[in-house]
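Notes for the one structure printed next.
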Amino acid sequence: MLCVEALVLERGGRLLLNDFSLRVSAGQLVLIEGDNGSGKTSLLRALAGLARYDHTGSIRRSAESLLYLGHKSGLKGLLTPRENLAWYCQSHSQSHGRDQRNADIEAALAAVDLVGFEDVLCHNLSAGQQRRVNLARLYLSPAPLWLLDEPFAAIDRTGVVGLVRTLVQQVERGGAVVMTSHQALQTDHPITRIRLGQA
Amino acid sequence: MSGAPLLPFLSACLRRQLLLAFRRPLEIANPLLFFLLVVMLFPLGIGPDPRQLAEFAPGILWIVALLATLLAAESLFRVDFEDGTLEQLLLTPQPLYLSCLSYVLAHWLLTGLPLTLVAPLFAVMLQLPPPALPALMLSLLLGTAVLSLVGSIGAALTVGLKRGGLLISLLIIPFYVPVLIFGSGAVQFAALGNSAQPQLLVLGGMLSLAIALAPFAIAAGLRISVDAG
Amino acid sequence: MQFDSLAAALAMNGHGGYVWSVYLIAALVVVFLLLGPVLRSRRIMLERLGQLRREQAAQNKEVPLASGS
Amino acid sequence: MWSFFHKLGSPPWLYAISGKILQWLLPVTLLLLAVGAVWGLLYAPADFRQGNSYRIIFVHVPASVVALAGYYVMATAGAISLIWKMKMADVAMRSCAPIGAALTFLALLSGAVWGKPTWGTWWIWDARVTSMLVLFFLYVGVISLYEAFDNEVAAARACAVLSLVGTVNIPIIYKSVDWWYSLHQPASIKFTEESSMHSDMLAPLLLMIVAFYCLFICSLLLYMRGEILRREGTTHWVRKLLLDAGDAHAV
Amino acid sequence: MSGAPLLPFLSACLRRQLLLAFRRPLEIANPLLFFLLVVMLFPLGIGPDPRQLAEFAPGILWIVALLATLLAAESLFRVDFEDGTLEQLLLTPQPLYLSCLSYVLAHWLLTGLPLTLVAPLFAVMLQLPPPALPALMLSLLLGTAVLSLVGSIGAALTVGLKRGGLLISLLIIPFYVPVLIFGSGAVQFAALGNSAQPQLLVLGGMLSLAIALAPFAIAAGLRISVDAG
Amino acid sequence: MLCVEALVLERGGRLLLNDFSLRVSAGQLVLIEGDNGSGKTSLLRALAGLARYDHTGSIRRSAESLLYLGHKSGLKGLLTPRENLAWYCQSHSQSHGRDQRNADIEAALAAVDLVGFEDVLCHNLSAGQQRRVNLARLYLSPAPLWLLDEPFAAIDRTGVVGLVRTLVQQVERGGAVVMTSHQALQTDHPITRIRLGQA
């Protein structure tokens, strides 16, 4: 699904990755670990195709679409969670009609435990609630490849448990997840761990 | 996946932009109020003599409209860049051309169009002769659309800069010059009783060119800005 | 009365359009100033009353349950 | 004196007393307005220079005068709310703004319409006209600032700061606009001299000015009552009041 | 703890603001470029007749200077609000009056002062008679300081608004009116060969009033904005 | 050091705290727990005196100064870590002279493991590194009372261990810490736990 070869990543004059290779196939849950500043975010942005000028090497994605979740939320504070997610669906070419879409969004918001907050403007939500709206995209995305940068940040403990379950489901149904986290990932599913910071 | 049909996407984009704007109604009224306030500054700075004002009305109205558009353009992509919306936009399977077009269209609907509609009021306040009103409105209608398109290119190129500031005015004002010349020229001609058709035709030509090309430049600018962010 | 007829009063020697339109706008402003706040208060009252009624209904339901147990 | 001040700050008292005042002030206001309008429109003599168009004065001048006075009421209320943290003062400030803006708008519009037959143009950058326009912006500014905040208390404080700054600035603005105009004044345009006004014209004018003041007070009280209800919605007295009113309706 | 001595704190504040500005050199050049570009628009929009330009030069220069200051003021506290600097500032044991003063001072050093210094250049471009130059510079020197102080009040009140947009221009331009009148009046007087002293004295008076009072209003505004944020 | 009585906190029309009381004295480490959106941030902001319009009740602080660390960093991206911290010291009335100050800052930056990044502009640092610059204030602050809103967010695992040690040192030398965290706090020091979300 994703094939990286001979990646050399340099940022701010520092060599972060040297001759890095990675191959992610369906069903894999990849956890990228590393200390602060070891290049996790930079790597994920490169994988997503958002940053192209700070690395050399080849990155090939066979998946047509991917879901990227970075440090920035991509939510509009002046829209409600419902409206934010509706836009997400519309811009990701889900053409199954408005009713189906609304039902999906309700389900996604329920899955991230935001019932009762569907119609509050996002900038009136707490940090963790905003993060949850952002994570609700996981339940709406048909993308087989997920690139998640610290998805657990700001999420409370019960939230993290639910999230891990979702990630495992995604890989079990044939998707792939590449993620970073500073918290331990508690699951029985096999995890491919990659440690950065030895460049 | 072939992507959703394009027209629904364009309209969804546009509706979203407008919805966002209506959540901050002041933002909508703002170009108008800015227009009115700055027009008021001219008699205060120059003097209230009606004859003088009438003579300068075309230039003043056009310059202030230009500034109002420029200032609104400046912040067109800023919030979206900072909150990560642009990042996500680049990752959608939709053609970026359309998204960019919808940004510009929304911008024009919220600044250029209202400015055009209220311009006659200000024109009367500045004693512009009534026969020049149609030319004023037509030239603003076409001209502000060009200003929005060109201004958005500047906005896209500068949005990611941490050390850029209001760089956009430097980049864009030179491109605004021809629009200003033909726009205020049209009104001046009409005020003197001549036909403003030639100038309006030129403005129309500029507009078609800008519609065809500007969204590509905007899209490229956004890609570069997100990449460097 | 300064005018002989209704028509004269309406025309006011050619200034009728100006004068009457100003009085009309003034009437609208007066209506806005008096009716606007009244309608606003009424809306607020009705909203709040509905809320209170719902609260009361909820309480009434709870009370018999509590006494019954 | 202090106890009165204290009472003013109490929402239930204010709500009750304003209801009593409105009971007789509202009819009086409507009557004054009607009498003044009919008098001015139909019975006052025509001006020998301007003819009938001068009848606009009976709307224009009262609206202008009260709109101006309204700003001082608003600014004073803002100052009180900021200094003594009196909640009812910011209710008053909040309520003044839309009234003032509406009256200023009326003054501008009636002036513009009057200008066409007398000056031959809708608009002129005269000192009073310009300062009225500035006043309009000041009102709209307060309303916008209030609306832009999510948090009510913060909104009220911000507006109070703004109108306090305004109290310092308003006289400066007015003086400077006057000075500006007298410097540039084009000789061709003059106001009619108000001093030479015939008493047959002055009487309805004074009546209308009184009527507009009453209108301002009525409107202010009405706005304040709504605002009080909204803010005090959860308190005991509002609850009782609403339920009583609701029962009365139901019966 | 009695707090550090006040003067070092003021100077530390100021140095920090200036350092930040010098990290984005374009931001510094920007009011100047804006000034230059907009002044350039006037001959284009109005027509290049030197006599006309000379007559309007005082008004035009002053209006553009006013707009440049206003636009710079608009973003004075924005970044600091968003990154949490203001929050921290409110928690320091230092008097907020001084911090606010240093913000304004830095703003003026980076906009008003350079504008004043380059104004003669633009005045020459607009054919302003040379005897009016000292009055132009003096009036700008005093006037832009008042503009900075008053503009900062508006900036402080609106910085936290998610739904405010460019509300500041509506709030502040009315308060700019007297400065514009006396500022451009001074230059007009001087251009006609009269003494501009009365106007300059008035501007000086306004400045002292503003220095004494504005920082308190700014401080109050910042507290409210952080609170509501 | 901090005494809260009868606090009623309401936000966005939701009652978050009802008649909440809290007394923090020297040597106490208070951990405020709660799900996303339960009002932890709102409470801390009220305690710091930054938000005064959304609550009623009394909050008294006997400490002259406090250190507050919120969701927003308070760092300037265009300044280096060193410059950011120098400003922090200057604005918090430490008048021990420039050399002493610089030495303190070096030590603080070393404590948060940012050696080598002292002169990189902050917006060129990774998310966790920026957070670390912010946390370096803990080593520079003379304030007896610390109010920390999710100090562990974005910090890597070894960083968290060091941070916990610092917090414990602070309370052991007579200070007090009120903090929130979604991660477990691993220390032997007694912790006063307060759970929000039952209002």
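We call the chains A, B, C, D, E and F, going by the order they appear; numbering starts again at 1 in every chain.
As a convention for this text, a residue touches a chain if its C-beta (ideal position, glycine included) is under 8 Å from a C-beta of that chain, and two chains touch if they have at least 3 such contacts.
This structure is a prediction, so every number in the text was calculated from the model and none was measured.
Novice: Which other chains touch subunit E while also touching subunit F?
Specialist: A, B, D
Novice: Removing subunit D only, and moving nothing else, give me the connected sets of chains.
Specialist: A, B, E, F | C
Novice: In the chain contact graph, what is the shortest path length, in steps, from subunit A to subunit D?
Specialist: Shortest path length, in steps: 2.
Novice: Which chain's centre, taken as the mean of its Cα atoms, is farthest from the centre of subunit D?
Specialist: A
Novice: Between B-F and C-D, which chain pair shares more contacting C-beta pairs?
Specialist: Higher C-beta contact count between the two pairs: C-D.
Novice: Since subunit A and subunit F are copies that touch, just let me know if over half of their interface numbering is common to both, same, or not, different.
Specialist: Because over half of the interface numbers appear in both copies, subunit F and subunit A meet with the same residues.
Novice: Report the inter-centroid distance (CA atoms only) between subunit D and subunit F in whole Å.
Specialist: Chain centroid spacing, subunit D to subunit F, equals 49 Å.
Novice: Please work out the Cα centroid separation of subunit A and subunit B, and write it as a whole number of Å.
Specialist: Roughly 36 Å separates the two chain centres.
Novice: I'd like to verify one number: the distance from the centre of subunit B to the centre of subunit E, where each centre is the average of its C-alpha atoms, in whole angstrom.
Specialist: Roughly 26 Å, centre to centre.
Novice: Could you please state the distance in Å, as a whole number, between where the Cα atoms of subunit A are centred and where those of subunit F are centred?
Specialist: Computed value for the inter-centroid distance: 28 Å.
Novice: Can you list every residue of subunit B that touches 2 or more other chains, as numbers and ranges?
Specialist: Each of 23-26, 33, 37, 40, 44, 47, 162-163 in subunit B touches at least two other chains.
Novice: Residues of subunit C that touch two or more other chains: which are they?
Specialist: None at all.
Novice: Which parts of subunit F, given as residue numbers and ranges, touch two or more other chains?
Specialist: In subunit F, 53, 71, 77-78 touch at least two other chains.
Novice: If each chain is a dot and touching chains are joined, what shape do you get: line, ring, star, complete or other?
Specialist: Contact pattern: none of line, ring, star or complete.
Novice: Could you please write down every pair of chains that are in touch?
Specialist: The set of touching chain pairs is A-B, A-E, A-F, B-D, B-E, B-F, C-D, D-E, D-F, E-F.
Novice: With touch defined as at the start, can you tell me which subunit D residues reach subunit F in the complex?
Specialist: 151-154, 157
Novice: For a test of understanding, state which residues of subunit A touch subunit F in their complex under the given definition.
Specialist: 11-12, 34-37, 40-41, 71, 113, 117, 120, 124-129, 131-132, 150, 153-160, 182-183
Novice: In their complex, what parts of subunit B are in touch with subunit D?
Specialist: 25-26, 29, 33, 37, 40, 43-44, 47-50, 53, 124-125, 127
Novice: Going by the contact rule at the top, pick out the subunit F residues touching subunit B in the complex.
Specialist: Residue list for subunit F touching subunit B: 77-78, 123.
Novice: Can you list the subunit F residues touching subunit D in their complex?
Specialist: Subunit F reaches subunit D through residues 53-54.
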